[in-house]
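First the structure, in the form of structure tokens, and then the observations on it.
Letters A, B and C mark the chains in the order given here, with residues in each chain numbered from 1 onward.
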Amino acid sequence: MSKLNLFLLLFLLSFSLLAAQPVDGNPPNRQNGHESQTGNHSLLLAQSEPLSNRSVERDHDTFTSTRGGVEIVSSDGEFFAIIGGRLLLDAAYYDEDKNSLGNGTEIRSARLDMEGRLFADIIYELSVDFADGDADMKDAWFAYDAQHPWRFILGHFKEPFSLEELTSRKHLTFMERALPNALVPGRNMGLGLQWYGEQLSLAAGIFGDDFNDDSDDEGDEGWGVSTRATYAPIATERSVVHFGVSAAHRKLDDEEAYRVDIRPESHLTDVRYLDTGKIKQSRTLTMVGLETAWVYGETSIQAEWMASNLERDDDTDVEFSGWYVQASWFPTGESRHYKHQPARFGRVKPLSEQGAVELALRYSTLDLTDQDVEGGNSDQITVGVNWYYKPQLRFMLNYSLVKNDEFADADGDLENEDEPKIVQLRAQVDF
Amino acid sequence: MSKLNLFLLLFLLSFSLLAAQPVDGNPPNRQNGHESQTGNHSLLLAQSEPLSNRSVERDHDTFTSTRGGVEIVSSDGEFFAIIGGRLLLDAAYYDEDKNSLGNGTEIRSARLDMEGRLFADIIYELSVDFADGDADMKDAWFAYDAQHPWRFILGHFKEPFSLEELTSRKHLTFMERALPNALVPGRNMGLGLQWYGEQLSLAAGIFGDDFNDDSDDEGDEGWGVSTRATYAPIATERSVVHFGVSAAHRKLDDEEAYRVDIRPESHLTDVRYLDTGKIKQSRTLTMVGLETAWVYGETSIQAEWMASNLERDDDTDVEFSGWYVQASWFPTGESRHYKHQPARFGRVKPLSEQGAVELALRYSTLDLTDQDVEGGNSDQITVGVNWYYKPQLRFMLNYSLVKNDEFADADGDLENEDEPKIVQLRAQVDF
Amino acid sequence: MSKLNLFLLLFLLSFSLLAAQPVDGNPPNRQNGHESQTGNHSLLLAQSEPLSNRSVERDHDTFTSTRGGVEIVSSDGEFFAIIGGRLLLDAAYYDEDKNSLGNGTEIRSARLDMEGRLFADIIYELSVDFADGDADMKDAWFAYDAQHPWRFILGHFKEPFSLEELTSRKHLTFMERALPNALVPGRNMGLGLQWYGEQLSLAAGIFGDDFNDDSDDEGDEGWGVSTRATYAPIATERSVVHFGVSAAHRKLDDEEAYRVDIRPESHLTDVRYLDTGKIKQSRTLTMVGLETAWVYGETSIQAEWMASNLERDDDTDVEFSGWYVQASWFPTGESRHYKHQPARFGRVKPLSEQGAVELALRYSTLDLTDQDVEGGNSDQITVGVNWYYKPQLRFMLNYSLVKNDEFADADGDLENEDEPKIVQLRAQVDF
């Protein structure tokens, strides 16, 4: 039986498991003991009528709210919907050394997001980013959420790998993720299983390729599995000790080409110093990651190491690895907010009317040179100042020193050993 | 006078008709006798102020609701808005015979939808699908809806042709529409007139090309007319007898090229066995379709036949035709839900907490070979199992046998007489 | 110090200014004296929890409303959200002279729009147009709005230049803007400062390139400044006297190529008679514009003149200029609605159930020929009839005579001295 047959089998199996779950498992959001799932909502389902006959039911039993977006919840908590979005505006100035990087401005992210809950058990999210002038699908999944603390999730979402990757861009300490995050799998189509306890969290999934990767060829898609386990012996409001380990294995698609390339930690330029080029005859990829984070009041430290091993047809494996360590401090007294259920960081809320200020420092390094692959090595030091004017509004200033080695030449397109400095600004709002 | 002048004249005429309608015709959605159309809503129109001066009026006379999306209605029923969407997630495994089809996963549909009513008379819908990584406009129309049972509709919407085509993908019995539906016109820019009675329904329209077909050349767009008439002598909740006939005629655009190609009834692969190639010097296209559907309790039968005749400059007509027949049975006791006003099928609502199960079987065939055009012939048998876990959530499993003839070679790109088997899965939610 | 350093400095400076503003400045939208910004909304911010733990707070202190879209406001007026959109449907018939223009239909605009207010001080807008089959970002900005009548605005928005440009397409008198508006800067990424008084308005901004212009090269983006000042000694509901002047200066990006091309005042065709081609070695662009508008009851007059001067490396400047004048009359008694705060025109509200009718006439001319640049000259006379059936619904009919000179040949692609006539129809709804 091929691995894809296995994949389908797992798919089916999970569906059956989903079916077998009794529905009285008290999902976390139910706000009262309403048993009936066919109360006033069943009326609403009559709405698959022609639009001329449709109308919104007069349902007094909903509550609405706004944080700048639209929120609506049924009184029994079994249905809700939230429509929101975000806007991230960047400017970058490159103090160039050897290569031209292209100063300018851009919309880093302009996203509309819709999420909600249906029939108590089912949650969904649909999120689209319009920042680069087309529609870039981000989260698009739904999940069975009635067997707390278990959750089945199906769709297009992030593979469970790396604290930095799983933390929303809205809540990252620096403007861009660290260099080694070029190695992580990111969002793919898949089926996941999550378990979140008080101190432990486990997440695993089986994933196909990205949702539209099949558009250009008729070979089979690749597929992979990812897992992440975290342990947080301390996770109070102002004090966190967090450890995590991720592992992933992926069968590449029938094209058998693998490539890693990454910009310096600045998105506005299109220059990607580190670039392995297309590595042919690549069969499988194995990745591991280690992560830790410490929060002690206003101070926090976070570090990750990750490595990937690429197996090729001629059995000459290639290995890439990188790591980063960062520290941050809030002179205004706030703490980084750790969410121990999904085991990642969340929103910082300023304590005063003047907002919160955060100072941060990061060192990151990634080495994409191994065997015959000369992808290059890059080190980057970044100093950051963040000002959280409101919980949903912040400004970021990043200053970076970049150091590229002799192979960091964008796969031959640029001069090597480039050492530019980068100044970047971001204004960010979410609603 | 050219046909396009005629088109414009009709356009204008309809507008005037629209104007001539008195507005006291009791649109179906008015929920009480409120005469005033300028009540608290007129206040809201002051909102074309600069945003700094805008604010939402404090209007207690609205009701909100949620089925996982957002719904809001004014107390007099003259205004409402619904924001919702859908997510369809597919996986397919191809048991290949001669050609590679490409196993994998995809987002089949990820749609945001906004619809509503203005000033009692006007309804609209705006619907965009993001599944393939850009923004694919679907329904984008508004209609004059004050003269029940008449409706004028203007915009981008489905031409009235074929029961299977007009039934929403959310409510189809199988994952994909049957092969002969490759012939139907689908969505175009147009002006339509609809009349829905108790047993009879009539719909007609005049249509230009698809909304952005004019992007690549400066020749005139094509245009066409479509009509559909249905008769349902029985249309109760669990018992339906439905007949329908559709006809359409289209003047092709100035490029005079016509092409039909279609995948086997599976969207994930990009292989289109049946492919006529570009048929040059094509002037006009005439299509007819016959449809019937029977529902008797848990059992239903549905069948359609359709054919198209392509007239070419050298008067050698080409004819294509196909048909399908399908049966379905709900062991759990539900019925397919026929909506006799728009004359198509709608949402199935499970009777029990365990959901509804539907077993289905379809045979479909399409022949695109005629005269010098060797588009191929394909037969397909599909067995389907659907599990409706909730009214808005279902899982589908389809198993198909495909039989291609010697001309079904993707216009020469593939080996002919391919006979693959297909296993497909879908998970679907709408909100 | 380079100009981009200057840009960044201004950027930072404005942020600090923003920070320095005390927040008790009574923003115009606060509907009562609620001082607390951390009332029930702070609860909502707990929503950056995992979705499984999220739910909409039961907040009775919001009010909802609908004009066909969704509107929600917090009781203290400090938060609100509006989700709406628009749909513009066009048909055009070209009575051709020498060149083919391509009759047909199109969706001119299909837009979803989300806007709102956060924490009393911050307003935002996110607007995406899907009319051409992808996602075209329009307004995407947020602003600090607590220091009335000042406003800081940051993001992707229209440079302050030209009355016709700043008036929303929804409220234009004719279907398309006049020919000379080909010269105006339009939307770009920038930082703006606005001040709106009783009679005077001032707006200025510093702008980078359009939000995704950096995608194809690594040269530095261009940047520019724009300002507009208006004076309206009379601005009552039915009587307006308005004068304005705009000026802009722009450093072109590192490609140093500049091009102006424009369709006749009809969007459906892709023919752009006036086309300068790529003007190489272009360094900077300086633009000026003069505008005036008079409203006297049912009658209005509006006129603008604008010119641009392009400086080239060889110091041979090129100058383009154009102007238009238009008059409109409402036989049904309405007035054009002038909004003296943002100094542009807004929504017309019909006085009777039968709607409003507007007759309009415009002459416009643009000359893109100067020195060695032979972009052509075009004159256009347009007669328009608008029928505002409801405040949010109108139909437009435009008839135009076009007169092109010997250089108006689409940069050599078409026959010159073409003199077509154009009939265009539009149906428009917004919600």
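Note that in this section contacts are C-beta pairs under 8 Å (C-beta built on N, C-alpha and C of every residue); 3 or more make two chains touch, one makes a residue touch a chain.
None of these values were measured; they are calculated from a predicted model.
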| item | value |
| --- | --- |
| When subunit A is superposed on subunit C by its C-alpha atoms, the rotation angle in degrees, nearest 5 | 120 |
| Same or different contact residues where subunit B meets its copy subunit A, judged by the half mark | different |
| Subunit A-subunit B separation of Cα centroids, rounded to whole Å | 35 |
| In subunit C, residues with contacts to at least two other chains | 64, 70, 72-73, 80, 83, 112, 117, 128, 134-135 |
| Residue ranges of subunit C in contact with subunit B within the complex | 27-29, 31, 63-73, 75, 77, 80, 82-83, 85, 87, 89, 91, 93, 99-107, 110, 112, 115, 117, 123, 125, 128, 130-135, 145, 148, 151, 171, 196, 268-271, 337, 339, 341-342, 346-347, 349, 353-355, 387, 389-393, 395, 397, 423, 425, 427, 429, 431 |
| Subunit C residues touching subunit A - in the complex, by the definition given at the top | 4-5, 7-8, 11-12, 15, 18-19, 23, 37, 41-42, 44-45, 47-60, 62, 64, 70, 72-74, 79-81, 83, 112, 114, 116-119, 121-122, 124, 126, 128, 134-137, 140-142, 154-156, 189-190, 208-209, 211-215, 217-221 |
